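This report refers to the structure that appears directly beneath it.
For reference, chains read A, B, C and D in written order, and residue numbers begin at 1 within each chain.
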Amino acid sequence: MQKIAVLTSGGDAPGMNAAVRAAVRRAAYYGIQMYGVYHGYEGLMYGDIQEMTLGSVGDIIHRGGTILYSARSEEFKTETGQQKAIDQLNRRGIEGLIVIGGDGSFRGAQKISEKGIRTIGVPGTIDNDIPCTDFTIGFDTALNTVVDAIDKIRDTATSHERTYIIEVMGRDAGDLALWAGLAAGAESILIPEVDNDMRDIVERLEAGHRRGKKHTIIIVAEGVGSASHYAEEIKKLTGLETRVTVLGHIQRGGSPTAFDRMLASRMGAAAVDLLLEGKRDRMVGIRNNEIVDVDFQEALSQKHHLDLSIYQLARTLSI
Amino acid sequence: MQKIAVLTSGGDAPGMNAAVRAAVRRAAYYGIQMYGVYHGYEGLMYGDIQEMTLGSVGDIIHRGGTILYSARSEEFKTETGQQKAIDQLNRRGIEGLIVIGGDGSFRGAQKISEKGIRTIGVPGTIDNDIPCTDFTIGFDTALNTVVDAIDKIRDTATSHERTYIIEVMGRDAGDLALWAGLAAGAESILIPEVDNDMRDIVERLEAGHRRGKKHTIIIVAEGVGSASHYAEEIKKLTGLETRVTVLGHIQRGGSPTAFDRMLASRMGAAAVDLLLEGKRDRMVGIRNNEIVDVDFQEALSQKHHLDLSIYQLARTLSI
Amino acid sequence: MQKIAVLTSGGDAPGMNAAVRAAVRRAAYYGIQMYGVYHGYEGLMYGDIQEMTLGSVGDIIHRGGTILYSARSEEFKTETGQQKAIDQLNRRGIEGLIVIGGDGSFRGAQKISEKGIRTIGVPGTIDNDIPCTDFTIGFDTALNTVVDAIDKIRDTATSHERTYIIEVMGRDAGDLALWAGLAAGAESILIPEVDNDMRDIVERLEAGHRRGKKHTIIIVAEGVGSASHYAEEIKKLTGLETRVTVLGHIQRGGSPTAFDRMLASRMGAAAVDLLLEGKRDRMVGIRNNEIVDVDFQEALSQKHHLDLSIYQLARTLSI
Amino acid sequence: MQKIAVLTSGGDAPGMNAAVRAAVRRAAYYGIQMYGVYHGYEGLMYGDIQEMTLGSVGDIIHRGGTILYSARSEEFKTETGQQKAIDQLNRRGIEGLIVIGGDGSFRGAQKISEKGIRTIGVPGTIDNDIPCTDFTIGFDTALNTVVDAIDKIRDTATSHERTYIIEVMGRDAGDLALWAGLAAGAESILIPEVDNDMRDIVERLEAGHRRGKKHTIIIVAEGVGSASHYAEEIKKLTGLETRVTVLGHIQRGGSPTAFDRMLASRMGAAAVDLLLEGKRDRMVGIRNNEIVDVDFQEALSQKHHLDLSIYQLARTLSI
């Protein structure tokens, strides 16, 4: 294997650049030529591909977003689109492809692999919703962004003694909401992995008020519905006016934390190592602090697992 | 004058604690007893008032929110409510009151003053919408919070080559939106002080695209309407899908910046000085880097002025 | 067990407050009375001990330092001192003690345990130098502080094309230096766990220069000597002038990261659980993302282990 | 005037990139061709000069350091060196030069001006030590960096009840130390503009201890000597052990604050405007929130003025 390529796909996540840097430098270390594919699978189909050198990835380890850009591509979901991508890689003699992204991106990588190019996936998404890995690149940064935002909102919640409902990202996974809620000391955390009973929420709210707690913060994972919905429900059940904040796209950006840079560096390098070992169709992961790799099929057929003991802990600590 | 009191009122702003600290310490320096009124005018009416010492304000200069809490009070708008407040102050022999807040809070302070207690106002609001002062306490912190949020959103806007519309606070004033937009390099800034022509916005958007700009950030001051409204207008006129983020209450919190701590320290101390000089019915301000004081009547009858040359500059730099 | 106490000891670390909060709330959840011991073992000997309620730990999860204070005590190292401590606990009917600190603090806890009070240790130190736990409370925050500092220094290193040597904490452990060096993309990392050959350092420096790299950042763990020493050695061997920065005490402070708040919350709660299970003489740890507990004797007799594969990775990525 | 150039010189400061961006975009707005000179006067002598377009300054407004690099040049201090620089500019038909830097850089700009090329200076330095301007680009960012560092150190100072001495930059000016000391609530601030009597420092320290203050933070401007020196003096006079931190080069880096981006944008644009108005030999400044321009001769012959009322305020508030 003399030439490999790397692309980023799906929602961007802080640390993707650190992963690209690690892949490029690891390849250079082994004397392999690395190519950067711009704009994800769309760019792959249309040959938006350039050679990358050590200099291409200088001074990017600390930058949010992705220097390779990301894009959605409907065309790539078709047989014709996939063949175009293969042709572009073959034309350049590129034998391996590293795909940094989420589960949708890995399904694309499987297609490429079926058509003869070895692919390795690197989990990059703030949602932490990929099975077979404890963490995804970007999760820790998004988590700290959310916690920092809740800390700020608590300043004003405390000053005014009000109830705030904060909606955070995570798609179908509650990790971001749960971890942020525990780390920020939120009074209630609503996540898709558990049954979120409105009566329970209201009881906790009222128990807090009885104990003299005058401000309350409720975290809502986007996977359980909108914060506004819960604000209305609380209003209906208790008459209490709440304030709603939807954190939105700030959660995707920012300079990656040390943890995400480490994770991305380890995973980006490991992806190159796997290609050199002749592996394919596999996703890099981290389990128990060790870098592992699992078959795409296995990873994509499983469900992401949220540690419910954390949820129980959050409940006992937010009394 | 042997006893004075301080309260915070209206929306909280980062730096209010630094102002309280400065007032307490300046008073202590002159051997004056300071009282803290908790929960704004509501607490004033009901005697939620405690003596403050040097220790009461230790380790608070860097904290967001207000240790004195803030609250709205309908009752205080009545003659009866105001008399209750006066009684509470008289009962304790408190002859002067410092009110940290916005224009609504100053109107309350005027009422107190009319009834015989000397009042001095300190402008604390993130909106920078108070006349007769170049800056209000909290504005610089909110500004940096907004700029930091836009920087984060730009990471993802750049990666995905999309258009984002970001709604920021400011009530009827465009300062926060304008300054943040210039400082973050936004492509368009919509503020209440100018005519925001949809055709102009769309033309700038399209001109940018023609020049190869693939991501665009548009800042909308809440005073001109909601970000969603503008997203729909753009969709109608151009077919372009945009992403909307409403920054919300994170803008009120956070540790105050150095500038806000300085401003708050200077203003809080000046308020005590003014009371000792026998002044009343005045608001502290900063003009041309100097601490000044102006009559409440004058301050409240004027309109806050936004520097339009900044707006023109922003337009020439965002081409 | 009806009454337990908690103290912080040794160097403070961000997240200690989150651990105290978790311990207090977990105890309250089980209906156990928690006492806070102020000023570490010194305060324990002299009865600086107060009951803690849910309110005692409100609004502290995000604060650096320790609300219980920390102190060194020579007297506690004596038999007499230890007996004083035991007497204070017995007098109040306190049957269990949670000690948050480093290895020195745990040796103290062992002494208490020998004299009949059950003790549980929680590893809190920015150095990550405690055996039998993957992470200590405070390490992730210090790591991000160091990485942020290196990012700032790189701005100026890049602008001036100079070589900077940055000394970071860690006592005899290289974790902080290694992780920060990798996460910040440092060119060389000097840690006590490996042989740091001056010729190798100089060769890497010169190889970088030959490849056109004009600025270089070298991280020195305090465990291998001072940054100034290495600056002099480099000067001697190459004539190159370098700039030295000793990061110092900023590394101990700051609001804890989400990771440290999570870790501290889990560990603080687990310490209470262990006491309730009748355990003693054990340290809480985290291994492979699971909370574990190990015997003090075992923990203190082992050596902290640094993952050398991270070191190798850093070398291949900093070419 | 059809062609102008811009360079950065001397110590780098956050916001320099925002100034370069503003100059390039303002020039583009007027249809003027802008050139970037790399590596300061050294690059000017040797023709390290490139055309800049709107794209050259995309995505840099928030970056620390300077994309044009900075360097010292002994040769440029000679007549021959200066003539080389003039030749490079003449060869390209460049008629005006914007120099972003400190007073040393402006002396260089005067030389260029004497030889026939119009020069305009923009004050960029974290030290705020330039006369005729209230603020220099980079000061506000450095100030916030220092305040953030002191906040962190206070966490640990509070936990351990110790005395810390922190040395900050500023060359011969005390602005950074004074403003940071006030904003962070330091107990003592030592600056070159006042007489720093050791007895006074010790008395304040001891008075604080008598009042129960157990931790103390003393800020030392580099212009009055080293923090270590003061630590020794305090040891000699009181026997008290203190901890010393020299903040060092982190003070030069970091993403510029909103204020610095605003200031830099206004100043960079103004420099282009002045050249177009036919002005020369002048420095841009900000006085009372208005952009002004003053003759180099006037600016360089005056002394920077520190507002001593701030110093007095700091003393009354740190009791």
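Simple rule for what comes next: contacts are C-beta pairs under 8 Å (C-beta built on N, C-alpha and C of every residue); 3 or more make two chains touch, one makes a residue touch a chain.
Quick caveat: nothing in here was measured; it's all calculated off a predicted structure.
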Reference subunit C; chain at largest CA-centroid distance: B
Distance from the mean Cα position of subunit D to that of subunit B, given in whole angstrom: 28
Centre-of-Cα separation between subunit C and subunit B, whole angstrom: 39
Residues of subunit A engaged with two or more neighbouring chains: 151, 154, 158
All touching chain pairs, where touch follows the definition stated at the start: A-B, A-C, B-D, C-D
Subunit C contact footprint on subunit A (complex, rising order): 21-22, 25-26, 28-29, 54-55, 59, 61-62, 134, 140, 143-144, 146-147, 151, 154, 158, 179-180, 182-185, 211-212, 255, 257-259, 261-262, 265-266, 269, 287-289, 307, 310, 313, 316-319
In the complex, subunit A residues that touch subunit B: 8, 11-12, 14, 63-66, 69-71, 145, 149, 151-161, 164, 243-250, 252-254
